[in-house]
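Here the structure is laid out as structure tokens; the discussion comes afterwards.
A, B, C and D are the chain letters, set down in written order, and residue numbers restart from 1 in every chain.
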Amino acid sequence: MTILFALFLLTMLVITAVAIVQTTDLFAAVMLLGIFSLLMAANFFVLDAADVALTEAAVGAGISTVLFLGALALTAARERPAADRPWLPLLVVLVTAATVVYATFDKPALGDPNAPVHQHVAPWYLSETPRLIDIPNVVTAVLGSYRGYDTLGEVFVVFAAAIGVLFVLSGDRPVGDVIRPADAPTTRGLKHHLIPRIVGKLLIPFIILFGLYVQFHGEYGPGGGFQAGAIIAAGVILYALLQGEGRALAALPEPVLKALVAGGALLYTLVGVVCMFLGGNFLEYSVLAADSVTGQQVGIILIEAGVGVAVTGVLLCIFHAFAARDPAH
Amino acid sequence: MNLALDIASWVLFGIGSLVLFIGAIGVLRMPTLYTRMHAASLTDSLGAIAVLGGIMLQAGWSLAALKLLAILLFLLLTSPTSSYALANAAVLAEKRDAESAPEPSA
Amino acid sequence: MYITVSLAILVTMALAIVRALRGPSLYDRVLAVNVFGTKTVLLVSVVAYLFGRPDFLDLALAYALINFIGVLAVLEFFQSRGLRRELDASGGEERS
Amino acid sequence: MELLGLYNYWVFVALLMIGFYAVIAKSNLVKKLIGLSIFQAAVFLLYISMDKVEGGTAPIIQAGVVDQVYSNPLPQVLILTAIVVGISTTALGLAIVVRIKEAYGTIKEHEVSAMDREA
């Protein structure tokens, strides 16, 4: 049954990918990338990775399209059909592909329970999580507790990427293209479109609420800080699209966003340091409460909150950095 | 009772699948953008109602049914909105092209 | 029962992809993305029941809530691109 | 049936190579970044394909259900964080492309390097 879905979805995935690379219209490529992301999420879901599918949904269903369109607005929407010489790259690609395909014949088949990857730590995680941490979602347990160092590292990578975007895009724009016609403000945002504005007004609270649900329900179902951060950021981006950048920045000013980015990463680190002060190792949550299971749960909730705050801040900072660069804004 | 529910679900699933399929053919075969949009947006709504309704009958009174109801509600709100936005963007572009075509670009 | 309807949805998804590949206009592609998004919501809901884990409906809920942001971004893009063209003659097209 | 079990990996290879081709053959920098996203997605697919266990379900333990097989949580954790990291690094790449466009007036790789040579 899974195979049937896989055949369908994966084949569509490959066709879409070929089309993305082939088209010379970058705008079309971005639209197809949206379809690609939807297919990817459906695939993850079919392959039992509900948490990953939710992350892909939260990131791919809005934020990545918005970012790519923002970049296209600042560069060019068409790729010139150029005199690329495709033969050498094609040869390189085919040779590499043949090598890797040959290597796949040694891979265990899909779903093989005896595959090496299922033999080592994973069974321990699955059998010990109910005893040690007592939360149903093992993915959250691994993310927050067993591999907390990794996640801290990832949070700092995201943090560094945001700082990089802010550095690269916050310099002065080259002079000459900042003249703005006097009647420009009429086209700012989608304010004068009644239907999207009202529907957006209805939906934004639900999006934020759903983000908070994903954040705090992450121990029991698919969810957690990364997904929640992306969903909440998508809600605020929707607000910015509908009401204009200015209103969104008035609601969440840039210093606040930067504070969110730094604060989230700081909260995560502080939890680790507090663990050290209480006599444990860095990020050893068991010491946070009298009972080690409760301690673990408190630690995971705190660091997930840190992750959620940081991711929201990072994605919004990036979005505003691109939007602020646009001469039409 | 269970049998009745099952039959009702089957009927709804059948209607939903059929409507979605017809809509997809319409999106593929209709001659212009606006007719394609028309085919897509109407069948999307009815198909979603039928399919999600069918699942809801199977779910019974539970949290899942509530979630399905929420999904249906949000779909019914967002899907026409995006059709509206899309049609609007297309009309805007057409109008702009028509305006810019007769006069030589300055 | 679920498998039948999920197969029907997969077929409609494939047809939507054909429309996305054929274009011809940009708006046809956006339309295809939109149709595809709705179909994904339905597919995920059905598959959640097919696998017997209805608590995974959260994914469908997420898509139902935020999928249309992309389309609104497209509308905004074309609006401000028109504006930008007035500002700058070379506009959204790459110089050639 | 044996070979169908490897289909996921072949799709992974195909996607990987499509992305790779875009990165090395296309000279438009945005297109290169799009190729890089596809490349990234291929790796995600590889990891998630490995986590599947036949007859398993997502690793969220169901209360009161015994003898349930669960898929492997570890690759999921790695990819979950990688997706968010992926979008932020792509954004950084796009930011650099925007600055290149402003400084050089083009986003074609060979034109940019030709201008560098002249300068």
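One rule holds for everything that comes next: a contact is a pair of C-beta atoms (placed from the backbone, for glycine too) under 8 Å apart; a residue touches a chain by one contact, two chains touch by 3 or more.
Keep in mind the model is a prediction, meaning the values are calculated, not measured.
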Practice problem: Go ahead and name the chain pair joined by the largest number of contacting C-beta pairs. | Solution: A-D
Quiz prompt | Between chain A and chain C, centroid-to-centroid distance (C-alpha), Å | solution = 18
Exercise. Return the distance between the CA-based centres of chain B and chain C, expressed in whole Å.
Key: 11
Practice problem: Find the geometric centre of each of chain B and chain D from their Cα atoms only, then give the gap between the two centres in Å, rounded to an integer. | Solution: 30
Self-check item: Multi-partner residues of chain C (at least 2 other chains)
Solution: 30, 32, 53, 55-56, 58, 61, 65, 67, 72, 74-75, 79, 82, 94
Quiz prompt | Residue list for chain A, restricted to those that touch at least two other chains | solution = 50, 72, 75-76, 79-80, 190, 193, 196, 203, 206, 221-222
Quiz item: Multi-chain contacts in chain D: which residues touch at least two other chains?
Solution: 57-58, 60, 107
Quiz prompt | Contact pairs between chains, per stated definition | solution = A-B, A-C, A-D, B-C, C-D
Quiz item: If you look only at chain C, which of its residues touch chain D in the complex?
Solution: 51-53, 55-56, 94-95
Quiz prompt | Touching residues on chain A, where the partner in the complex is chain D | solution = 2-3, 6-7, 10-11, 13-14, 17-18, 20-21, 26, 29-30, 33, 36-37, 40, 43-44, 47-52, 55-56, 59, 63-64, 67-68, 70-72, 74-76, 79-80, 82, 84, 86, 89-90, 92-94, 96-97, 100-101, 104-105, 107, 109-113, 115, 117-118, 121-122, 125-126, 129-130, 136-139, 141-143, 147, 150-151, 154, 157-158, 161-162, 164-165, 168-169, 171, 173-174, 220-222, 224, 226, 229-230, 311, 314-315, 318, 321-322, 325
Exercise. Under the touch definition given earlier, write down the residues of chain A that touch chain C in their complex.
Key: 1, 4-5, 8-9, 12, 15-16, 19, 25, 27-28, 31-32, 34-35, 38, 41-42, 45-46, 50, 53-54, 57-58, 61-62, 65-66, 69, 72-73, 75-80, 177, 179-181, 184, 187, 189-190, 193, 196, 200, 203, 206-207, 210, 214, 217, 221-223, 227, 231, 234-235, 237-238, 241-242, 326-329
Exercise. Report the residues of chain D in contact with chain C in the complex, numbered from low to high.
Key: 57-58, 60, 105-107
Practice problem: Would you mind writing out the residues of chain A in touch with chain B in their complex? | Solution: 190, 193, 195-196, 199, 202-203, 206
